[in-house]
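Next up: some structures, all given as structure tokens.
Consider the two complexes below, in which subunit A is the common component and subunit B and subunit C are the respective partners.
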Partner chain A sequence: MGRRVGLEVSLACAEAVKLCNADVIAAYPITPQTHIVEHLAELVAEGHLDAEFVPVESEHSAMSACVGSAAAGARTFTSTSSQGLALMHEILFITSSLRLPIVMAVANRSLSAPISIWNDHSDIMAERDIGWVQTFAENGQEVLDLMIHAFKVGEDPRVNLPVAVNMDGFILTHVIEPMVMPDQAEVDAYLPPYKPSQWLNPAQPISLGMVGVPEVYTEAKKANLVALEDSYPAIVEHWEGFAKAFGRSYQPIESHRTDGADTLFVTMGSLGETCMSAVDQMREDGRSVGQVRIRLWRPFPVDDFLAAIKGAKNLIVLDRALCPGILAGPVATELRALLYAKGVRPFVANFVAGLGGRDVTRTDFVAMLDKAEQAAADGQEITCQMVGVKE
Partner chain B sequence: MADEGMTPWKDLALGCAMSEPGSSRRFNTGDWRSRRRPITDREKCIKCGLCWIICPDMAYTPDPEAEGYYKWDGYYCKGCGICIEECPKDAISWQEEKEEDKYGPACGS
Partner chain C sequence: MISAAEALKDFQKITPKNIPLVEPFSKGHRACQGCGEVLALRLVAKAVGMDMIAVSATGCMEIISSPYPQTAWEVPWIHVAFENAAAVASGVEASRKALIRKGRIKDDGAKVVAFAGDGGTADIGIQALSGALERGHDFTYVCLDNEAYMNTGIQRSSSTPYGAMTTTSPPGPKSRGQMTWKKNMPMIAAAHNIPYVATASPAWHIDLMNKVKKAVTVPGPAYVHIYSPCPTGWRCGPEVSIETARKVVQSRVFPLYEVIDGRFVLSRDIKKPIPVKEYLDTQRRFRHLGEKDIAYIQKRVDDDWARLLSLVQATNPVAAE
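For the complex of A and B:
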């Protein structure tokens, strides 16, 4: 059952793509994604992975090449970050609308200006509405596992959608972590060769990417909307299958010490682990606190989330990106709207932390809990409050 | 009329793929034309074929009944006026048309 290794997470991500036997990789290097595609280029060049590596001239071209490759029926991978993801923007919508199950690793990084190569979620939050399945990893093992799961989900004939696996730049990508590397046979059993639902087959010609006049565009968008919502059962099912095959289990929303907790932190990505350790400490100190982690960001698992926060008096929603002009981060904006619509009304404090690689420590979590409890008691609002901003 | 030719969203092909070749032949770009149509004066026409080549919706095709001339198809002509602008002999000009005879035979000759 696999072997324990110590590996840089970027290399583990590339090894996962190799284990998944990708046919085509089209990518353009950008920090902090570079090691992922460099390692894949090596694996292809040295004959360890029988794939076509297309060294394109930009991320716009990378995603365009991926669209062509996936439309031709190839298992297709790309990876990018920050400005590179922004440059892919228009093609990302096309990919999901054409129902092409491309897998992309996003090494999350802040957007310029000022130029910052460091981590936050402003790149992916600007691409929330691309119609892709989107998951978040918290550590190296999860990157490896979510990559394998991504191909399985995207290629499921009930889904046929692209999948983005988010991993925090540097904090995850550039760190050497212990992890279990699955065997090829295990991955082959979990992920059989890709059988596309349709492809550009000369024997049965189709056209993709046609014009959609006003009489069809609305229906086309309705179909896209439903496709992403309907991917949920397959996502969960393939996590269950993953747990059986590999012994590690994942859920759309994951809870940590939520039992009886008055206040819950809501986190995404690698901050989740720091938060978990802070929550453990605070529990020992007698604080009534727990944590829920959003693993599946799109389609958003509404029922799982509501079940996870049931009974909590206060939520502390952490954002690592901004929504300028609305005074709440993107995650808080969405969760408040969701809670309002569902008639669930905990006190929601929203902090923005960890922008552009700023460290967020256990002490910061304690301070956030103090502030949120105080504000809840005083009936004060906390929204878009920037943690550690130098006044 | 409002939903004429519309497809329920559940019946759309995966990713809106199109498996029928030449389906755009049914696309009624003539519906976009408003109140006037181009009409060719064959007295002035020198059969150069520029209108045939240049029309973005291929509304002109060689006239099988009058060699060298081009006949016009109101089902495709969207009324852009490019043929009128480009005809080297100013043989094509606008003519008022009523909505009800939009698709009638109209080859000016």
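For the complex of A and C:
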């Protein structure tokens, strides 16, 4: 069952694309995504992966070429980051609306200005509403596994949607980690070749991307909405299948030491691992604290989240991006709205941490817990509070 | 890859006797009366045939052909956005290449053809086009040039000719209308050293269809630039579309030529040109122009023609008498 390797996470991501036997890769380089596409170009050049590598002249064209490729029936991959994702913006919505199961690895990075190549979630948070399935990895093994899962989910005839796998730039992409690399035969058994139900086939012509007059536009958008909502069972089912096939299991929301905890951290991405070890230490110190990690960001797993935070008095929601003008980070904004609608009212403290590659340490988590407990006791608000900002 | 000339060695010409009867682009679309762009599109589609996979940029032709749930396309067709027809087409081509190689689809010989207006080509789409031409995808790109952004209400593009009135180049005391010279898109395409480039006018419909047929026959990228009268945007009657399309060539304003493997070939040597004024007079978008403007246009048209002739001579050393 697979073999243990030590591998840079970017290369593992590329190896996953190879294991999934992608037919077309169209991509444009941007730090910190570069190693992913460089390695794919090499795999194609060496003949290890039988695919067309299209070295497009921009990310806008990367996503556009991916749309053409997937519409013509190929298993299609791209990867980008930051400004590149922002440049794709226009086409990302079209991709999901046309129901094309493209897989994209997003090496999460901050947005300019000031220009910064380092990690946060500004890029993907600006693309929350693109209608894609979106997952977050916390380590290299998860990147590898979520990539394989992404193709499986996107191509499921019940889903037919693009999937973005988020991995923190540098913190994950450029780190060499131990992981289990699955065997080709295992992946082949899990992920059969892509069989689209329809494609740009002269023998059976279809028109894709037509004009939506007011009489049909609302219905078309409703259908997109329902498609993303309805992808949930397939996502979970394919994680269960993944656990059976590969022995590693994933859930939409994952909990760490939540039992009986008064306060729960809510994290996404690689910060989750730092948080986990901070929680372990704080538990040892007698603090009543736990953690929930959002693995599936879209469609948001509402019931799983509510079940995971059940009984908690306080939530500390970490954001790695800003929503200027509304004084809460994007994750906190969403979770507060959700909790309000569901009539669940824990105290929600919202911190913004790790912008543009700023380190977030275990000590920072202890300080956040201290502040949140104090504010909850005093009935004070904490929202969009920046961790470690030099005033 | 074989050269365009080699690929065209046994080229079977379309003649008035064997005009293809197929209509990959069917009637019942919603273009304006006398629309030269949709006529050009129909001729292109006939020349390519039923094994076309069409990619459209946003613009008049996309809008008038696809009001869901109706479509004028009898062949596979995709529209994604305004500026990316060439990029989408390169994805379609790459996809088919991979799938055919891997034995997942059969090689049905389908031709990938991208369509865009002058705006979608010369302005917002030029980057994607340049990238796709440079990468050498096996596809044909057709620019349907009606010399403005018509779909959004007649705004100027870089392909709008000097002096033309549009809604964003209105003539007035401080303006003559469009104040810049038309961007030479076919030359830009030719500068990519692709196997085949051609210009065409629907007034010479057989010539147009033959050029399209050649474009899809040569391996690698091909570019066809078609002058496409727009009565609505040019302020002329629908009945003068073809007349305009003829006069633009006869006045040397829009020369018809091919560039085959870098060799320039005149399709029509206009030995006795009509004055440009005669062409300009067919459209009310030029009616504010005075003698000085027209003299300026005439001079530049003459210069451009001379430059084209010198390219023909330079690239045809044997044929030069």
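Definition applied: the second predicted complex is superposed on the first by the 391 of 391 C-alpha atoms of A that agree within 3 Å, B and C clash if a C-alpha of one lies under 4 Å from a C-alpha of the other, contacts with A are read in each partner's own complex, and residues count from 1 in each chain.
Criterion: a contact is a pair of C-beta atoms (placed from the backbone, for glycine too) under 8 Å apart; a residue touches a chain by one contact, two chains touch by 3 or more.
On a predicted model such as this, the values are computed, not experimentally measured, just so you know.
Partners subunit B and subunit C clash in the overlay (superposition on subunit A). In the superposition on chain A, A:100 contacts subunit B only, with no contact to subunit C.
Touch counts on subunit A: comparing subunit C and subunit B, the chain ahead is C. In the superposition on chain A, no contact is made by A:337 with either subunit B or subunit C.
In the superposed model, A:197 makes contact with subunit B only, not with subunit C. Contacts of A:176 after superposition: neither subunit B nor subunit C is touched.
In the superposition on chain A, contact is made by A:160 with subunit B only, not with subunit C. Of the two partner chains, neither subunit B nor subunit C is touched by A:389.
Of the two partner chains placed by the overlay, neither subunit B nor subunit C lies in contact with A:377. Once the two complexes are overlaid on the shared chain, A:223 sits against subunit B while remaining clear of subunit C. By the touch criterion stated above, A:189 is placed in contact with neither subunit B nor subunit C. None of the stretches 26-34, 188-196 or 260-268 of subunit C clash with subunit B in the superposition except 26-34. Within subunit A, the residues touched by subunit B in the first complex and by subunit C in the second are 98, 205-208, 210, 212, 216, 220.
On the subunit A side of its complex with subunit B, the touching residues are 97-100, 160, 197-198, 204-208, 210, 212, 215-216, 218-220, 222-223, 226. Residues 3, 5-10, 12-19, 21 of subunit B are the ones touching subunit A in the complex. Contact residues on subunit A toward subunit C in their complex (touch as defined above): 23-24, 26, 50-52, 54-58, 60-62, 64-74, 76, 90-91, 94, 98, 193, 199-203, 205-213, 216, 220. Residue ranges of subunit C in contact with subunit A, taken from their complex: 50-53, 55, 62-63, 66-69, 71, 73-81, 83-84, 86-99, 101-102, 104-105, 108, 110, 127-128, 130-132, 134-135.
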